[in-house]
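As written, the chain order gives the labels A, B and C, with residue 1 at the start of each chain.
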Amino acid sequence: MNDVVKSSVASYQSGFSLPQKLYTSREAFDFDMQHVFKKHWIHVGTVADVKRKGDYRVIQIDNNSIIIVRGQDDEVRAFYNSCRHRGAKVCVEDKGHVPKLVCPYHQWVYELDGSLIHSSRMGEGFNCDASGLKPVALESIGGLLFMNLSENPDMAALEQMRSELEPFAAFYQLDKLKVAHEADLIENANWKLVVENNRECYHCGANHPELLRVWPPYGVGFGWPDDPKEKQAAEEKLNALYDAKIPEWQNMGMPYEIVEMDENRWYRAARMLLTQGAVSQTMDGQPAVKKLLPPFSEPDNSSLSMWTHPNAWLHFTCDHILSTSVLPLSEDKTLVRTRWMVREDAVEGEDYDLSNLTHTWIQTNDQDRMLAEITHAGCLTDGYIPGPYSEDSESLLQHFTDWYVDQIKQQL
Amino acid sequence: MNDVVKSSVASYQSGFSLPQKLYTSREAFDFDMQHVFKKHWIHVGTVADVKRKGDYRVIQIDNNSIIIVRGQDDEVRAFYNSCRHRGAKVCVEDKGHVPKLVCPYHQWVYELDGSLIHSSRMGEGFNCDASGLKPVALESIGGLLFMNLSENPDMAALEQMRSELEPFAAFYQLDKLKVAHEADLIENANWKLVVENNRECYHCGANHPELLRVWPPYGVGFGWPDDPKEKQAAEEKLNALYDAKIPEWQNMGMPYEIVEMDENRWYRAARMLLTQGAVSQTMDGQPAVKKLLPPFSEPDNSSLSMWTHPNAWLHFTCDHILSTSVLPLSEDKTLVRTRWMVREDAVEGEDYDLSNLTHTWIQTNDQDRMLAEITHAGCLTDGYIPGPYSEDSESLLQHFTDWYVDQIKQQL
Amino acid sequence: MNDVVKSSVASYQSGFSLPQKLYTSREAFDFDMQHVFKKHWIHVGTVADVKRKGDYRVIQIDNNSIIIVRGQDDEVRAFYNSCRHRGAKVCVEDKGHVPKLVCPYHQWVYELDGSLIHSSRMGEGFNCDASGLKPVALESIGGLLFMNLSENPDMAALEQMRSELEPFAAFYQLDKLKVAHEADLIENANWKLVVENNRECYHCGANHPELLRVWPPYGVGFGWPDDPKEKQAAEEKLNALYDAKIPEWQNMGMPYEIVEMDENRWYRAARMLLTQGAVSQTMDGQPAVKKLLPPFSEPDNSSLSMWTHPNAWLHFTCDHILSTSVLPLSEDKTLVRTRWMVREDAVEGEDYDLSNLTHTWIQTNDQDRMLAEITHAGCLTDGYIPGPYSEDSESLLQHFTDWYVDQIKQQL
């Protein structure tokens, strides 16, 4: 392993942010791509991205262009986007709908399941069977898509996550949703700083005025007031609210018991109560979409959140779902892709106003972009010294950096 | 030699496209610059680029800025564009016409043959004689300029090419032509993918509608229909056309026998017949220029094509000549420079319409740009596996990649 | 040390420009940042940049963002711009005025002297005292600010410079000035070529028409005419002018004896006489500012110039001061930052016209940018050979390159 990565990890102290070079060096980035993003289950979207047979979506991760496509058998599969003839991208556009996958270079024709069915001029001896598109592991967990670029994906890890998260996701019936909007944001920051920023709400008070109109200021792993009395009062108030709400969730069959990150879990699910009567992540707290998600007949003031290492967070309310994937571009550049999903029969302009639906998180993401960028810039200086995480408010960051450093240690 | 290059070449299999890293790595690019572009004869233009004494042209190849200049003795020479005082570029503009070469920094003055004739403030002991511009080997083959950046250029290779290609080029009297247009295109692809794309027409049918209005769909090394009967019919038809045309070529003194690439030749010349009565590479097949090239009194339905490794292709019709140089910029960026030459006394707007003259190849180059770019992008993925060349239609690519791999092996 | 740097320095010949790779390679740039810019005293501005208590200025040098801030005790200090919590930049804007330094991420609060005075949610055991902003050495020499990024700044070197330059600078009372304008110019050239260009005026005649309206064509270390008789006449004329002027300077208490660079001095101060009755660096030679600098009651036709290795030059006239800092961005990109300072009570539009004040040096800097850029481009070619400095006109360059090579040798 690279010396920079090795010596950095040797100086890591749990409970503190990472040694500088793990955030800023090209060496660490190369390591991250090879041993994190090409080894773990990466959230890349949902089944709503490819609703119909023949719908495809192209995703770029590091050097890899990947086609995600729904076959004639309704299976969603992934393939490297590289023709087996001369290597050209078979799908040039980012998304589309096609009966077959045809390479634009020399018109080699592939089925939606990746098998090659036609190529001209290749002579008698040429064998189509050995020339299908190279597949990539892709799994749906209640409609959430996770991809694994390893030649030997860790299926046990996937099945463990499935057993715990599928009930949460399945409740929302993602196969009956559509993508109302997708937004890409490029942040000039290392992907781990983008993820760390997402794992705490200590920064929310001063930075996210829109989000805090509907999100609770405390709890859900996000910390408490400094003052012991205030803290106790806040805890008691929140517990009372949960106690009153739980029967309703049980009644609707909604999973609500927290799935907490620990040394065996690289994922988390938590149902939280929105504040001040809010039922959606909007400026007025009211539903952004008139047609609620399939399981809901009435607005509900809870929000389900999920986080998975290394690259995702999701927020489910009664009217829409937000899914975010973090896709590293270089050691100091990260793509943050967010999708807003609504009921498939909701009509834009009639059932929802797009800017109302997306406003809170477009603002929040941009605020977080600034925070990640100034953190990256500050971590680059010779004055950077790994600082202490707040035990109260930043324990999920410690979980993330511990997990990340573990990935490195496994390579030693 | 670099390990990436060495191990890649070890896995090369003739008849298949190159191993991934030879297209995509910085290491292979550095090798290519050092051992291909700084060792071989590179096509950099024609004598029409510097028609008059004192005309100069600056060319950038990798780190090198090179001045090509016609001297008072009518010789065309090349020099590194670096003043012998403090190293400044002597020619700042890309082209011009000057009586002397004067460095703008401290006004050192060089003759057009590179010798230093004046410098102020350098004191008594300073010797102008030892401070001429550093020369670069440059040879004209019938007016086509080939440059060699090596300290010891391979003159035997040059003379061999001269003996075979000069008759073809000389027929067109390039000293009586001018450059009507020059177009630069930057392609986000490795230079070898740009060259490979140029060496086959298997992709033409689906990608080059303009070019195929006048170019033959088969033959000239570009392959045949899959169906054996169709192939036989196409071959017989083409042979009959050639048999009828050859006496005419003989009559005019036009060389027409193919010079085929083989293990000793890194160049190729082939005269082909345009289709459907076309006599030029235009949308309607009619001449783009009223005043035909000097040797022609009547339009002629043939086109001469030349290709030289590592970086050129040329197409000669009765009214204009097209010359293209491939100039690598980085492992994933390549400059493709195309010039259209017409008779020196042809007047734009009267004798030719520039957009009519250039349309077919501006479109064709842009279509090829897209193909090279999607190939580069696909070759970058972990799903890329070197694919088989079509024996029928891609044999010139195999010649190119074999030749290229030979250049590497010579360094082992 | 890196082999490229080591072998380059071995081939260095004093009196000639540097070996190619010292100008062009990433390796040399990394060395320069580590062993020149992080070891020596770097000119970064003046006390006029942060006039009031609470004024701050952020400077970027290589990977380092640095805060320069004036404290409540009127001391000007420097700190790494990186919060001790998670590393974020505490000052996001380039300049501003604040009562405290508050990190925008989680609102940690620092005094203007860098000490941490408040952080929430960090628990009982957290010790503010150990978490102040990391300081950077910063010294004022008569109001000129010099920064040193080393952990062990060479104070002896600083005090030596102070003893010789402070009298020159102090005369101008920089604490009573303000910054009228600041201009950043990014030059596509190595920083050493930018500095070398500044250290000679051999290029001025043909390149700086504006500057030469007021600057003398000869003397001040900038060389003489080639013709021995012309040289003698020019020297005699200049000496006579100085002899006539010196009593006036003595009368005003203005230091005027040249402080020459030699093997122990990395700085230089020279008072020169402007030409043709000029008293300022303007197109008409007249003062750009009606209110002269504090020590002047009448216009004065002299100009004080200072140069410090590795990165500064300054020009003081009776109405304004120009200070320039060279801040390398990469091996082929350099930021040149220039400030024009005038009396603090001078009012723009009334007492001075900004474009009149800045015109000469904005033009001059842009002309020098072009010269540095064509030199960098020419030095990149394989035709570059270190060329001889003019003993008459380029001796200060030799001093600079000798000094620079010495810095490398000290690491061997």
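Please note the rule applied: a residue touches a chain if its C-beta (ideal position, glycine included) is under 8 Å from a C-beta of that chain, and two chains touch if they have at least 3 such contacts.
Note that the coordinates shown come from a computational prediction; the quantities given were computed from them, not determined experimentally.
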Residue numbers at the chain A-chain B contact, same meaning over half shared and different meaning under half, come out as different
A CA-based fit of chain B to chain C gives a rotation angle in degrees, as a multiple of 5, equal to 120
Taking each chain's centre as the mean of its CA atoms, chain A sits from chain B at a distance in Å of 48
Among all residues of chain B, those touching at least two other chains are none
Contacts from chain B onto chain C in the complex sit at residues 38, 63-66, 79-90, 92, 104-107, 120-123, 126, 131, 133-134, 136, 149
Seen from chain B, its contact residues with chain A in the complex are 17, 24, 196, 202-203, 206-207, 223, 226, 370-371, 374-375, 377-388, 390-393
